[in-house]
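Below: one structure in structure tokens.
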Amino acid sequence: MKHIKIAYIGGGSKEWAKVFMNDLAQAEGITGEIALYDIDIDAAKRNQKIGNRINSHEKAISKWDYQVYEKIDGALKNADFVAISILPGTFDEMMSDVHTPEAYGIYQSVGDTAGPGGVIRSMRTVPIFEFFAKKIKEHCPKAWVLNFTNPMTICVKTLYDIFPEIKAFGCCHEVFHTQDFLCSVLEEEKGIKVHRNQIYTDVTGINHFTWITEAKYQDIDLIGLLPSFLDKYYETGFNENGSSDLYLESPFAQANRVKMDLYKQYGILAAAGDRHLVEFLNHNWYLRDKEMIDYWKFALTTVDFRIELREERIKKLELEAEGKKDIDLYTSDEEAIDLMKAILGFNQKVSNVNTINLGQVKDLPLGSIVETNALFTNDQVIPLMAKPLPKTVKNLVLRNANNIESLYEGIKNRDLNHIFESFINQPLLDGLTIVQARALFKEMIENTKEYLNQYFNIDGFLNN
Amino acid sequence: MKHIKIAYIGGGSKEWAKVFMNDLAQAEGITGEIALYDIDIDAAKRNQKIGNRINSHEKAISKWDYQVYEKIDGALKNADFVAISILPGTFDEMMSDVHTPEAYGIYQSVGDTAGPGGVIRSMRTVPIFEFFAKKIKEHCPKAWVLNFTNPMTICVKTLYDIFPEIKAFGCCHEVFHTQDFLCSVLEEEKGIKVHRNQIYTDVTGINHFTWITEAKYQDIDLIGLLPSFLDKYYETGFNENGSSDLYLESPFAQANRVKMDLYKQYGILAAAGDRHLVEFLNHNWYLRDKEMIDYWKFALTTVDFRIELREERIKKLELEAEGKKDIDLYTSDEEAIDLMKAILGFNQKVSNVNTINLGQVKDLPLGSIVETNALFTNDQVIPLMAKPLPKTVKNLVLRNANNIESLYEGIKNRDLNHIFESFINQPLLDGLTIVQARALFKEMIENTKEYLNQYFNIDGFLNN
Amino acid sequence: MKHIKIAYIGGGSKEWAKVFMNDLAQAEGITGEIALYDIDIDAAKRNQKIGNRINSHEKAISKWDYQVYEKIDGALKNADFVAISILPGTFDEMMSDVHTPEAYGIYQSVGDTAGPGGVIRSMRTVPIFEFFAKKIKEHCPKAWVLNFTNPMTICVKTLYDIFPEIKAFGCCHEVFHTQDFLCSVLEEEKGIKVHRNQIYTDVTGINHFTWITEAKYQDIDLIGLLPSFLDKYYETGFNENGSSDLYLESPFAQANRVKMDLYKQYGILAAAGDRHLVEFLNHNWYLRDKEMIDYWKFALTTVDFRIELREERIKKLELEAEGKKDIDLYTSDEEAIDLMKAILGFNQKVSNVNTINLGQVKDLPLGSIVETNALFTNDQVIPLMAKPLPKTVKNLVLRNANNIESLYEGIKNRDLNHIFESFINQPLLDGLTIVQARALFKEMIENTKEYLNQYFNIDGFLNN
Amino acid sequence: MKHIKIAYIGGGSKEWAKVFMNDLAQAEGITGEIALYDIDIDAAKRNQKIGNRINSHEKAISKWDYQVYEKIDGALKNADFVAISILPGTFDEMMSDVHTPEAYGIYQSVGDTAGPGGVIRSMRTVPIFEFFAKKIKEHCPKAWVLNFTNPMTICVKTLYDIFPEIKAFGCCHEVFHTQDFLCSVLEEEKGIKVHRNQIYTDVTGINHFTWITEAKYQDIDLIGLLPSFLDKYYETGFNENGSSDLYLESPFAQANRVKMDLYKQYGILAAAGDRHLVEFLNHNWYLRDKEMIDYWKFALTTVDFRIELREERIKKLELEAEGKKDIDLYTSDEEAIDLMKAILGFNQKVSNVNTINLGQVKDLPLGSIVETNALFTNDQVIPLMAKPLPKTVKNLVLRNANNIESLYEGIKNRDLNHIFESFINQPLLDGLTIVQARALFKEMIENTKEYLNQYFNIDGFLNN
């Protein structure tokens, strides 16, 4: 039995923490402490209660010692793993990030990674991750750090820039869904039904704008099956988990029409949800207006919806924490615990991660954060070499990767003018004049001043 | 007296050939043959007559043997230098290149380099330059090749890709004008009057989207003088050759307002005419509509105007050829003859050229064509290392450079789909949907089919 | 049951073919044809008989159809896998490769990879592999090619240079032995006994001069255990398979004293047998004279010994082929069949391979052949990013990698002068003057003229 | 008249300072202060007196204000230029550097750049240049720094590593002599007599191991003239300044036989004196023993000779300082003043310099110090792109460049073990065992302990 300490930063109001605890309870061979830290200490305490209830579940193989910390230092002290899953700012700031641009004709389906929302959210996030990196360096420099926070790329960039020896990577399940989609294609076209772990997808790009350069089940080329699949589903759309019209009810759903359309044009499969993909492209391509969005069968996820959803979740979590609702253990599709076990030497595992580009993606800048496959094993996370993208797709990805690099430089130097230059280079903002873009930028930083003021000279910029 | 042979390809209907002959006549120490070749043989013969008249001018130091060739082979045979200055296609095709996109809301001020016009013109040009490269390899592999044709970047790219040992470079005087502008700044701010040859500008980027990373007169930082200069001229504009309202009459004029505006935002000076710069940027920045264009004080150069201008020129050239009009020798600001003389070992000269990136521009792809300074001397043209661009400006340039690389790949492989992918990645077209862009692309290739059909399966694509 | 065709080129007189057939017989889930081709057709027929005897062994799970081909074309036709295991030339040539330099004071422990023997052997090998590459391109372009022939690096280089789309890699078990050595260290120092598959070694470098940059069993740093281990075994030596004096009887044995000595100096573990390592270093370091060789406890493998060994082996193989000797199936430590099964999609496997450097080793030239770990799975062999070497070790490896690159260029161009320039840059030849080195080179190519004459103008060079 | 301040660090006991003052006196258009600083203040005062005498010479166009400073700070304060020309340590240390290795069979012709002498001298030099770099950053961060001290490469490396924004370059006249040699070749073969400024040599490599990849006089290929020239002079040798036997009397002379021999083998011309070149190559190639050295017609420069020479020089300088000996102004072949005037904007000049590799030499590490041509003009020193070396020559240069990089890393980190790893990788030491090399290294650092102790834990290493 291996004893470990896992610091869990944030996650207080997320379903995701419960999945994590669910998976931990079923992980053979490991046990130890889960150190909970959240700026909302009540949320951390709620998680502690839920963790304790899971411990006492009859199917729980492994029991964990859930501790709540008031300060991050205690939580991190000597941790073996650190999981970071926070919301940078509140939904008030997110409301501005996502919806303020609408007045300028700019729609965002997610608004947390690229586009105007991604830029402003990054301005709040980078300083927080600078703080995390320093604290990790101080308290647990050898810990493995798993980030789940968005904007993924710039979070991981910050960790490596501040503490270059950090052992950090970012986990995102968008690629998993595309693997599920490919399994559906295989089943549909060949009648072969497999789990996504049985196929191999070569992944490259940046988070939420990732691409599958090759996909094989044994020697069957899954990409080669797409033309025939598209003949059937391009028009109607296809959702690997349900109806292709699910997006009408669920603002997280999509019908893969954008993905299929990009495949038709570029001959290569994008590996993230359509809602994410469209935010890296010219705004007139898929996000011009609500009619167009509807045509492509995905939804804009409003912040109102997120607020509502969170309230429901918290209500449910409170019932579970108080024992008023049963908790059942189940097999999740998340991989975090598997990855940790592989790192602990229990096995080898290959999965996609976001980490620093040491050359695994030849087409993207060295030192930028890229998403590729990596091998997890015996205290190692080693990127695999990615295959090259077609030149025109590379151009689309590189443009965004370079934007993130310059955005990071601007935030690091607290240089609002430089940040603005990254802002106007966002594909989603291509339709604005510089004057309009400046007005939007000023409005968005004014709206979120409360958070930004601690790091930037906002008033100086606004009055200029 | 050094005897050389210069093959002059094209140039039949251009004023520029006369300037060239004017400069040759005044070049001490060299003489020889000028081999004229033009698909319009009458134009070549007219140039021959003008050349002979110049020979007999009393100020002509150096006499040249003007020969007209019916086939390119004879003209190139054993040439020491080859000058290429052609119009790919006719003004009919250029009419489509420049004006067809207007129906889609896309204005182009030049339309021969970037944007939709640049793409389609490249499709006509690359195959012609493939032919030139092969003929040069056959007839004069050691000749120095000076290209003056647009789209400059892709012309030079073609020459090097087809015949990697070629000694080719592209000459463009856009940077000269920006040097003149800087001399005006120096005079205005410091009262020092110098010729552009007395200042040093570090140049980097791609043709027509070139940037000055450093400019010095002795140890005076010329870029550092701009803020004070802009206080005076940002609003009114400034034309180094005349009134800032010259653009109202002359469609080639501009008031440097775009250049000054870019400097305000990016802190670095662009080194091409405003008409060129705007075509590498989002179309809403400076080219949204005629009102905006007027606000920035530059003009759209219509093809009608070009046709008219050419007719006038030809009329004048004919009068000169027939001896009905006097030809006077004067000192031009062109450098081609100086460069040739430096190559012949008469002296050393540093000037900007377009040539293959062997590492002189670290931020742009190796093997792409870049514009930087080079040293000309003793059978050598050696690029100087360029200073790095600020990250956000690098992103703007790199996006365009990568577009050209992928465009070239598409044309080389005669792959219309790949070309289209470069087309929709043009900043000027950022406002179109993919469907609109496809319609425009099809219309433009349909319009210029007569020329494109020999190289591409246009009908196959149109009917798809 | 997956049906495949494996072309087996060479291997006629090697024990290794039998191990391969042994492993095939025990491979669940696959069957098919083994196409045997050897320039010594009798050897191929002998292998066929042995294969058939193995087929009828009671433990044989999988039966294979052993076919002998007179021409390589038939063997390769539509193969799924190609295994290449040949002797370039005969032992006569090897006699010259290994022993001619002794008269010049140059001892070689193996003489088939680096040093004078490696150079001359490469001259015979590259043209043969050029032929193989062309035949593979013609008959089975999608086959996976496993090379087992030395000099490994230049064999794989040739395959990729001639046919860039080839799916080839080279397998070598030297790293396995070093992993066994590390397992011994773990057992000795921590009392933990594991198989080499349970540890993870990060591997980088070039074949036979490979290095372990990191080795972990769970979170135990195996390299960190070496100082204490060396305290015990540096003087006496240590052989992971037997007595540290085994080298006195077996010319393939070694006591890891060189490896331990290099660790003492450089703080990093080399991952090949000592006999190989010393050939990449200055000849005075470990190979100056027989006394020094004895001091470091390894042996020179003479070609006489190899001849004797081969005769014994063939005798044994003949008895087995004729049924006069029993064949028993056993579990080998070779991985070739495992790798093939992983490629066929049965599982995932990570192992070290020699393949083209696409960036997985940042310190060695792109396009050179490097040895690192790779992931084998579903029709893919994907290199893992290797960790960087310490700068001084990098210099040792890079010198040799660059030598191989220039040697390859020389052989490819059939340029004996260029080859000679690589010859004199071999560390083992550092003690010769250029004049002495030229005499040795001429003697060695004179000795092996019979083979070299078909490819090089040997007489022209000798008479020059 | 431009007023400048030049800080002159060291140079007290060197003829070279007088040449510098001679050239200054004849430099039109500039005047100002020469700030003299030398750890031997009497030497600085002597130079001051000589400077004043030169000022009063009738041919002196430009008068300078010679000031002596007791501390380096005052000398550097607000300097426009800094010239550094020091002897790191005394001739006692140099005696050990050059002659201690002889007992181990290692001869050095210079012993100040590569080989054992170069390594130990670097250990004394780097810390001094760290100090200079910090002082320059403090007192004159915008000054242009000209280094004349050896080991050139590692001196300039230190300046850039400590203060990356420094404007530093190293000047060395070895290339000039090779240009003179090429002029002799041109005269001999074609009867054309020109000054070295009239030819163009493309230079690349590292200081004292520089190569000429192309040399042209107009379109005459000077390298192409060598075969015929070698027919005449390979055996006898050729000295561009006098008899080919001059080396018998003058320990700085040479007959270019090594250079010609390298050309015969590699087809490319090395651009440094033979005495320097041989120290970058295996010691048995040209430096095995005195007989071989004599055969190649160069001399070992003993430190006794240097001491004697210095004494003579100082005697002469004292007579000149005291007015007991006339000083005559003459035209020197040095370029330092020309380069400064070009930097001041008086003209453009192209010459070879040692500076940081930003990509101008593709084959050598970025950030290492390389020697190539550069353009000097208007406050700029801009490297020109160098042509590539043949692969086998590149390997020779790269090995040495990498050694210097690792040596620098070792010295920077005060890591004696790492320094020793660079020591044993010196080509000149290839014949020693590691044990012998360690003994030599220890002896050499013991000998020069007085200087090294302030920076390194020498006793700790010696007792280990």
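By written order: A, B, C and D. Residues from 1 in each chain.
Heads up, the rule we're going with is that a contact is a pair of C-beta atoms (placed from the backbone, for glycine too) under 8 Å apart; a residue touches a chain by one contact, two chains touch by 3 or more.
Given the structure is predicted, the values throughout are model-derived calculations rather than measurements.
If you take chain A and chain C together, no chain is in touch with both. Interface of chain B with chain D: the two copies contact each other largely through the same residue positions, with over half of all numbers used appearing on both sides. Set against the C-alpha centre of chain D, every other chain centre is closer than that of A. Distance between chain centres (mean CA atoms), chain B to chain D: 44 Å.
Each chain gets a centre from the mean of its Cα atoms; for chain B and chain C, those two points are 56 Å apart. Multi-chain contact residues of chain A, defined as those touching 2 or more other chains: none present. Touching pairs of chains, sorted by label, consist of A-B, A-C, B-D, C-D.
Against chain A, the residues of chain C that register as touching in their complex are 2, 198-200, 202, 214, 216-219, 344-345, 348, 350, 358-360, 362, 373, 375, 377-380, 382-385.
Residues 261, 265-266, 282, 284-285, 288, 292, 391-392, 394-396, 398-399, 402-403, 405-406, 409, 417-418, 421-422, 425, 427, 430-434 of chain A are the ones touching chain B in the complex.
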